[in-house]
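Shared between the two complexes below is chain A, which pairs with chain B and chain C, respectively.
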Partner chain A sequence: MSTALTAAEPRGTIGLRAIAGRIGFLPGLLLLLVAGMSAVDPQFYGIINILNILRNASLLAIVACGQALVIVAGGFDLSVGAVVALASVVTAKTMAATAAAFPGNVVLVIASGVAAGLGCGVVVGLVNGFCVAKLKVSGFVVTLGTMSATAGVGLMITNGIPVYGMPDIFVKSFGRAQAFGLPTAVHVALIVIILMVFAQRRTLFGRYVYAIGGNVDAAVVSGVSIQRHIVGTYVVSSVLAALTGILLTAQVGSGQASFGGDRMMLQSIAAAVIGGVSLRGGVGRVELVAISALFLTILGNALNLLHVDSRLQPVFLGVIMVAAVALDELIRRRRGRV
Partner chain B sequence: MDVDVAPKPAEPLLQLRGISKHFTGVQALDRIDLGVRAGELHVLFGENGAGKSTLINVVSGTFPPDEGSFHFEGEEIRHLTPQRARAIGISPVFQEFSLVPSLTVEENLFLGREITTGGVLRAREMRKRAQALIDELGFDLDPSRRVDDLSRAHQQMAEIAKALLGKVRLLILDEPTASLTERETGRLFELIARLKSRGVGLIYVSHRMREIRTLADRVTVLRDGRHVRTLDAASSTDGELVELMTGRKIDLLYPTITHKPGKVIVDVENLTLADGSVRDVNFYGRAGEITGIAGLVGCGKSELIRAIYGIEPATSGAIRIDGAPYEFPAARRSLKRGIAYFPANRTAEGLALSRPIRENASMTVLDLPAFARFGVLRQAAERAKIGGIMAQLQLRPPNIERAAGALSGGNRQKVMLARALTRELTVFLFDEPSVGIDVGAKLEVYEFMKSLVEAGAAVIVVSSELPEALALSNRLYVMHHGRIVAELTGADRTEQNVLSSFFRDHLTAEVA
Partner chain C sequence: MSDLELSVMAKDTDRAKPLSDRCVWNAVLPAALVVLLFGFAAFDRSVLSSANLLNIAQQTSYLALFAMAQTVVILTRGFDLALGPTVSMVSVGTALAMAGAAATGHETGVVLLAGLSAGFGLGIACGLFNGVVIALLGVNPFVATLGSYNIAIGIATTLSSGRPVQGVPKIFSELFYGGSLFGVPAAIVITVAVGIVLHLILSRTVFGRSLYILGTNSRAAAVAGLPVKRILVATYVLCSALAALGAIMMTARTGSGEPNLGGALSLQAIAGAVVGGTSLAGGRGGVGTAVLGALFITILSNGMNLTRIDGYVQMVVLGAIVIIGVLLDRLRLERSSQ
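After this line comes the complex of A and B, so read on.
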């Protein structure tokens, strides 16, 4: 995977050092982990475990891509976990309601549910973006607020009880389906990643997001409209979170306010940071974030298989995240000026 | 250290031998020798990227040299840190300010060496010491003001004051006058003279020949990280120094520009800005000439052109571009109308330092169909176009994928200039175009302006450096306290006339 990515970056001379400099230590770490686990525990490379890992990694990768985009623009999105939950319950509720009103019309039921779920993402994203861009409140505070509010709305809708009543076909031939031997979530994640890579590298939006994160004042002087693009990053992030919520709902078969949550939010930030996204803004590539999401998922899986105490597992995540940022900082400082 | 020194001179205060420093892919310093005597002002002279910054960073302990020996007051120094350097009396004043913006001047002065009793700050004592120091320096600076409320010049003063607090044996000044007015510069020079008489050694980095002439005892010329020569300032000529620095002969600093004034392109009438920095200003700029605006730091000249570009709000007045009224200017629409602005502070407002040169250069043109269609970038076209432009501007090294943050001042300015060549423009607003760049790069900027004007563009140059404003412009406006106090053309454009127009105003309103 890593070589394909470097090849996509057209450059003159590619030395080993240059490759290492561009993609960092992450793929190596990933390979090491996979090789180590395969040697230690044959259960690790069992097909069920692999599919499980891929599915979970995909869900995390989708959220983390959105998170990465926001952070690259110099922001922060704490609300993604809550949006996953809200989108899940809203999708399930809407499907149940539409199914009751138009029984038998499966297409309409599914379309309305998915639209409502994604709509939640759009609304939360617009609120986040508007508050950050227009009211100039820091992204951290705004999304902390919307996180709390969104989670509250999700609980209110469900009273904490899972929502059922979705069409069978949505669960069986979408959520739990497999094409080419891979779960739906993997396909969706690949599409999202490809679209996001394209957006980052080949579109004005992506370029302006880098510019804004790199230096807002310079972007203003260069005639970039700042507000529109900042709102855009938050909307993308929330919509991707909502998409994850819908995928989870389809996979589990019920809408639950307990999906996503703080864990998902923290992991998405961890994935972005370990994937080389700078909290200073202006730096970061979603493909590495996706690899880092895979890495985190495998790490969690490995710790489970090795019967590490579940209370100890977050400690590993914490240590690795801090180490990744420290290493990044170290590399950055070693570069001189010309 | 060596025995072969016959008439044993005074032991140098600082003695560096064979200092080398290597960064990833770059030999920043290559076996540099430097000796600074007590009471001597030693100028480091060289182009951007010659290694001056790296060298003063080594001396002040920011990073260790890879090899070489470092003696200070006769003692060998190893493992120098910035704290240790300050403790033994090495005090640097960097271009990039080391002040905490949200703290007051006084808090900044004592940062890291606060006066305390049992962990409790002694605020009054510190206030007294700070005030005493500032009075002694003769700076017009209020120690209780927050640093981010200060102008750049005042921040520079605070920075110098900070370096002089406590014991100082060796003072390092990196282009200290870049943002000071003439008067403040005069004060600084008096201060330098006093420090010298007290036996303080000074390392002084500057690109300004006049300063080197007035201040320097010895000059060390660096080129490409190597020590070229150390000479006595008194017995060397400007030409000699520049030649040593660049490795080539430069006859004239300012090119001869043929101005052919055409129609009025930029016309400003009774312009007043929201913050009062510009009041009732009338002026115009014509195609085919350079219109200069001279004035002291903070006189409103930068704000004036920023308002035309649309990044400072105006409250009243009219701007006309090529005869058509231009209401509610905004950066994006200015670019569409063919107006480009080149900010003075290229780090703060010009470049996204983490992004490559290519992206920085194309940032202002991505709305054009040549660069993007339906929101999708045309990368091949972008790479080809920017690559060509950077080659034309002689970017060294010619790699457009390098991050802008890794570039020297001169190369950063080239990236900014590249923006001018990426789209059809008719009006060029330059804000302090030569701040922080070396003589060679300056020359290239001036040649660049010359080619713009001779191709029929309207160029407006705002400069605090009087010789520059005089030499480049065809017509020169002088601003003072937000107003235009004089318009000088032809033979009237003399340093004398510019200064007297400040002075005339000073008689009526004496404000700092």
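After this line comes the complex of A and C, so read on.
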């Protein structure tokens, strides 16, 4: 897809090479990390550890895909972590309430819970999109505001206490289930990534998001409805965050306002940025973001297995993030000079 | 407050008087402050008691200092996400240096000097890192400071083992918290002094003025012969040094080095600056806007505390206020440019 865009530019061949370089950069690093860790610690490729990595990477990848879409359109979504928490709490509360009202009707209970959770995502996404697209407030500030508000609502509903009362079947045969040997979250993440890759490459929405992020004025002149698409990106981002919240809830077995949070938000941005999404907008591919989410998760896992003090681990994350982007910037600059 | 806004809007349709329009718009926030104070006082008399007003002033002085630090970089179209962790790191470093110097039996003066130089040293180092990565390597401020956010958190928690650092000498707390000048608490005195100096720097020096040009049009600044990179580095150093000063004052208040002291400060400081009318698009704002925004947020949370509004509801209100504040500011900008 970016091929089509860059090929249209005068320096098409150089763009192609750069893209090849960019694809090679992250997976190469990932392979290196996996190979190195496998050699150092046999525990690393134990089945339990691998499933653990995949589950956590999937949750992060889902959020990061949405985040990437918003950033490609030239925005920011600081509220994703809070949406994860709110969706978790609302899903659990709704299920508990429906289960009390219609005992035995498991399908209805689960459907209402999931719908309510995803509904939270839609609402927060619409508020974000409306404020950014219609009221023209900077995305950073809007999502900073909704982050605080959403987290507040989540805590208000629960008073910070975990919510129980979900049907067993939701936890046992969805959240903790494994099909084809893989946890549910991995399957969901794969579906989301495939859908998002398709949306980015093959749908008008995806193409327009690139156009808006690349050059708003050009997009306006070309007749792209900017507002609708920007609202769309924020809704997708929030709904995916809500989906993560629901998956976490099903896995843990209770709704908690402490899920997600600032950590998830910062990690999703880190994953997007390390995955080559440009904060200038217009550039970025979801599949690379997913790989970068996997990379970040494995990195954390590796640091744990190597007994690196958990307090020191953020330092590694920070250095790698800055280094990845600085490297990207240097390559871009050299390309610009050629 | 809403009546006030309405009357402002009504007056604003009268576009023949741009100057008076601007005056009215500039009066919105101070007027809202007064309305807010008296509104809360209607529920609880103690809001307007001299003890509480002094309390508000003292609380504001910390947030104002951090909002000023944030404003300096926002003027250049950047921001510093690492401000909060910098505060934590400086707090821990200062306390450790003082405890260490005191344990080896040095005199009070040496102990204080060790603490201050460790604190400012760490702060300036953090600012240098941010500035170099942003200005010389060309990394986006968001990514760069998100990186140093993680690094500073890692350093703060590693140095302190995640626990408060004891052993801060009494004289230190006396000097930066307990002390007073003509009955005015130390925190207020320091913030006012820093505010005056910073205002003079921003309005009267070449460095200060160049920040505004840099934020409005960095290419023009470069063409005009300003050493853009050097100025940017200096800006981030100034921001982190101010954060370090705030951290030292807060450490004096708690009497120990706290690895969690910074917490949500990065975003709070940005919110303070932005609510006061600093533009994230760069080039607009100053000491006045930072102080106003900090005062607004402090009065709001102080009033909500005294009227016993639930802490979680407060989060929702603060989130909404941030968005509304920026929205109003954007409307004001639009009017004045018409």
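Quick note on the criterion: the second predicted complex is superposed on the first by the 313 of 338 C-alpha atoms of A that agree within 3 Å, B and C clash if a C-alpha of one lies under 4 Å from a C-alpha of the other, contacts with A are read in each partner's own complex, and residues count from 1 in each chain.
The definition used in the following text is that contacts are C-beta pairs under 8 Å (C-beta built on N, C-alpha and C of every residue); 3 or more make two chains touch, one makes a residue touch a chain.
Computed from a predicted structure; not experimentally measured.
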| item | value |
| --- | --- |
| Superposition on chain A - do chain B and chain C clash or fit | clash |
| Which superposed partner A:148 touches (first chain B, second chain C, both, neither) | second |
| Touching partner for A:63 - first (chain B), second (chain C), both, neither | neither |
| Which of chain B and chain C A:202 touches, first, second, both or neither | first |
| Partner chain in contact with A:221 - chain B first, chain C second, else both or neither | first |
| Which of chain B and chain C A:283 touches, first, second, both or neither | first |
| Which partner reaches more residues of chain A (counting touched residues only), chain B or chain C | C |
| First (chain B), second (chain C), both or neither touched by A:120 | neither |
| Contacts of A:211 with chain B and chain C, given as first, second, both or neither | first |
| Candidates 60-68, 96-104 or 294-302 of chain B: the single one with C-alpha clashes against chain C | 96-104 |
| Overlap of chain C and chain B interfaces on chain A (superposed complexes) | 280 |
| Touching residues on chain A, where the partner in the complex is chain C | 76, 131, 135-138, 140-142, 144-153, 155-156, 159, 266, 269-270, 273, 279-280, 309, 311-319, 321-322, 325-326, 329-330, 333 |
| Residue ranges of chain B touching chain A (in the complex, touch as defined) | 23-24, 26, 28, 49, 53-54, 309, 311, 330-335, 341, 343, 348-355, 359-360, 363-364, 366-367, 372, 375-377, 379, 397, 401-402, 405-408, 411, 419 |
| Residues of chain C that touch chain A when the two form their complex | 133, 137-140, 142-144, 146-151, 153-155, 157-158, 161-162, 267, 270-271, 274, 280-281, 310, 312-316, 318-323, 326-327, 330 |
| Sites on chain A touched by chain B in the complex | 11, 201-205, 207-208, 210-211, 213-215, 217-225, 278, 280-283, 334-338 |
